[in-house]
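Okay, so chain A shows up in both of these, paired with chain B first and chain C after.
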Partner chain A sequence: MDPAQIEFLAEKESISILPNFTEDKLYLISGEVGPFQPQVPVEVPLWLAVNLKQRQKCRIITPDWMDVDVLKEKKAEELEGHLFSKPLHPHFLELSTIILGMSSEVKDADEVRTLIKDIWDVRAAKLRKSVNKMINHDGGGGKPLAHVEINNITVLELNTIRGFFTASLDHLHNLRNHAELCLNDPRYN
Partner chain B sequence: MDLSLDDTANDDEYEQLTAAQVLERLEESWVNERLSPYLLETQQEVVDCLLEQCQTVEDNFSQASSFAVGIHQLEIQAVSKNSEPRATQRIKYMVTDYVRTRLKKIEKHTEYALEEELVKDDQSVPHLSPAEFVYAREFHRNTRDHLTEMALKHMPSAFQNLDKQKSMSVPNLNTFIFFKVKEDVNDVQVDPRETPVDLSKDEIHISKYLPIAPLLEQTKIKLV
Partner chain C sequence: MSISSQSLLDGIIPEDYFSFDSILAEQQKIACVFKKSMFGLGFLDPSNQNENLVSGSKMELPLWMASYLANKEFVACELPKPYQETSRNILLADSSVVDLFKQVMYFYETGTKLIKIPHPECPHVSVSLVKTFVGRFKKIMDSSQNCRNQDLGNMCQKLDVEEKRLFEINRLSVELLDKWERRESNIIAPSNLVVQSRKRKRDQVF
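Right after this comes the complex of A and B.
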């Protein structure tokens, strides 16, 4: 998928805003939002928050996990284990990029940005390592790997390896299947 | 906001879905369609239902405040000047991209799709919607005519035959895909040479497309 399409999917995640206007409840196709009252927090989908913010009709409340202490803790946890830890949010990179780009009210914005980048890098390194492992995997007797379970990975991360990884596995399978055929063929022995 | 969704393939099966659930369904089908190597079952009724819903909302604009209209348009489709058009056409963008993705697959595997449809009996659910079937047939005829006119006609008569089996573009159903489990399923044979595995909710797996395709059609898993 196109990374922009994953961002599109992330935009339906809900986030809290502080509106500065009064408006009744809206019945959108994706669900109800509102009612809007000045300075009363309300949950809206991110795409709506972005639009209202652009029109200076609201302030975005920074999500709890976009906090220096929470992120530091997460980074430490991520550095500890070999496996992926549960991400702070299934779309953490997309959400934080959009929010940091929009809102100047995020506390310690630069540090938050750096920490999120660090977490992403640690996870990316783990991902590369496991891809390498999976591709070189030998299930005994040259049997190619057919099924792997991989948890706590975000859609955006999967997308970064998709094309290359699935294509490599396809090729490996083809080659190994051919090798097997040749081994069993008396003409080659 | 209730609307009924009549499943055309199964008249006795009557589903009651809210608009939000229909939207969710489309989103899932869209992602699945983007990531699967070959066409999935058509979700034409979801598309129709959603477009109808958009129309209803748009028809009621005259009664709504301008603020509400702005937001509704933003959800459905609207061209606002201060932001990217992509971000402002959520539902219609998704519908168009869903349809476009399917058409691309049809154009790529035209003959395969038509053959598949022909071998199916009346009981099974077609992969193509009636409109897509007509499109596939037209596209196939036009391509064949074009190839014949431009090249085949000018070849020696021995080479003028277009072998359907050889020229057909067959999708690689053995390609690897990532999927997320939506409902627990036990004893799934992901590889004929391996022992069956149990899939539990929210797990993400990598496997070949073909063995898990039935689970995808039953919406027990989704592609990611």
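Right after this comes the complex of A and C.
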């Protein structure tokens, strides 16, 4: 999948905005949105927020987790354990990229951007490490691992490794099958 | 690359019959010694003046032919050098530095096909193939993740064809992510055909 497609999916996530116009409820396929009243916070899908913001019809309320203190805490937690911690938001990189790219109202935008990138990098390193561990694993007697459990991984992270990982596992599986075939071949025993 | 031909030819021809990779992998030369004299085949060996190929003559035959003759007990085969014990020990020591592409282009595919010539060391070869790939995996992953266009050739020179394919898959997904982060993936670009076209555009007509 293309990261742009994942961004498209992420735009379905809802976010709070402060509109500066009056409008009745909007009836969308995914549900009702509104009603809109000036300076009254309302939850809308991100794509709608982006559209309204571009037409200067609203202010975006920065999500709670896009805050320096929260992010610092998360980064420390992420650095501590060797497992994935629960991400701040299942689409944290997509959302922050869209919001930071559009709104100038985020507090400490630069620091937020750096921290999110840091968290992403720590998680990417963990992902690479665990993939390598799985390929290299030898569960006794040459038996490969039957399954692994990876929790708390986001769609975008999974997507960076999926094609390569599955193709590598396929290749390894073929080689292992062949080795087993050879070892059990009566001609060689 | 294989053509789906399940219904018609199921069981008659092997699954990889139409695969180019498979055909190329079977080109690997195998050193053979003829156990029997072959009548009228002297021309196969240029150094041979005789009309017939006498028993005991040595020749290098491609894998697809060697396997057939070996199974009919016409020839005795040796393993190609990259699969012999010395080379296997090198791979076992550190497989990530070996230039597989130079040794055998289709290292894994050819390696698995060696089972067709009944050689007592085949099981060792098959186990060494698994270990080789596992040993090289980290390097393939890391180098493809951190490579930008300029030093591509340098990095994947030593990889065999299948490894190059894996390398390319990973490099592409990293590139797509990079592009997205630079916010370039949502810009709609004209197709190359249009850019290169020599026809006058509508706005250039007058």
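Everything below uses one rule, namely that the second predicted complex is superposed on the first by the 187 of 189 C-alpha atoms of A that agree within 3 Å, B and C clash if a C-alpha of one lies under 4 Å from a C-alpha of the other, contacts with A are read in each partner's own complex, and residues count from 1 in each chain.
Here is the rule we go by: contacts are C-beta pairs under 8 Å (C-beta built on N, C-alpha and C of every residue); 3 or more make two chains touch, one makes a residue touch a chain.
Keep in mind it's a predicted model, so treat the numbers as computed, not measured.
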item: Which superposed partner A:176 touches (first chain B, second chain C, both, neither); value: second
item: First, second, both or neither for A:163, with chain B first and chain C second; value: second
item: Partner chain in contact with A:47 - chain B first, chain C second, else both or neither; value: first
item: Chain B versus chain C as contact partner of A:148, first or second or both or neither; value: first
item: Partner chain(s) touched by A:4 [first = chain B, second = chain C, both, neither]; value: both
item: Overlap of chain C and chain B interfaces on chain A (superposed complexes); value: 4, 162
item: Residues of chain A that touch chain C when the two form their complex; value: 2-4, 7, 97, 101, 128, 131-132, 135-136, 142, 156, 159-164, 167-168, 171-172, 174-176, 178-179, 181-183, 185, 187-188
item: For the chain A and chain B complex, residues of the former touching the latter; value: 1, 4-5, 8-9, 11-12, 21, 23-24, 26-31, 33, 47-48, 50-51, 54-55, 134, 143, 146-151, 153, 155, 158, 162, 165-166, 169-170, 173
item: Interface residues, chain C side, partner chain A - complex; value: 108, 112, 115, 118, 120, 122-123, 125-127, 129-130, 133-134, 137-138, 140-142, 144-145, 162, 165-166, 169-170, 172-174, 176-177, 179-181, 183, 185-186
item: List of chain B residues in touch with chain A within their complex; value: 1, 19-20, 23, 27, 31, 34-35, 50, 53-54, 57, 65, 67-68, 71-72, 74-76, 80, 82-83, 86-88, 90-91, 93, 97, 172, 174-178, 190-191, 193-194, 197, 202-208, 224
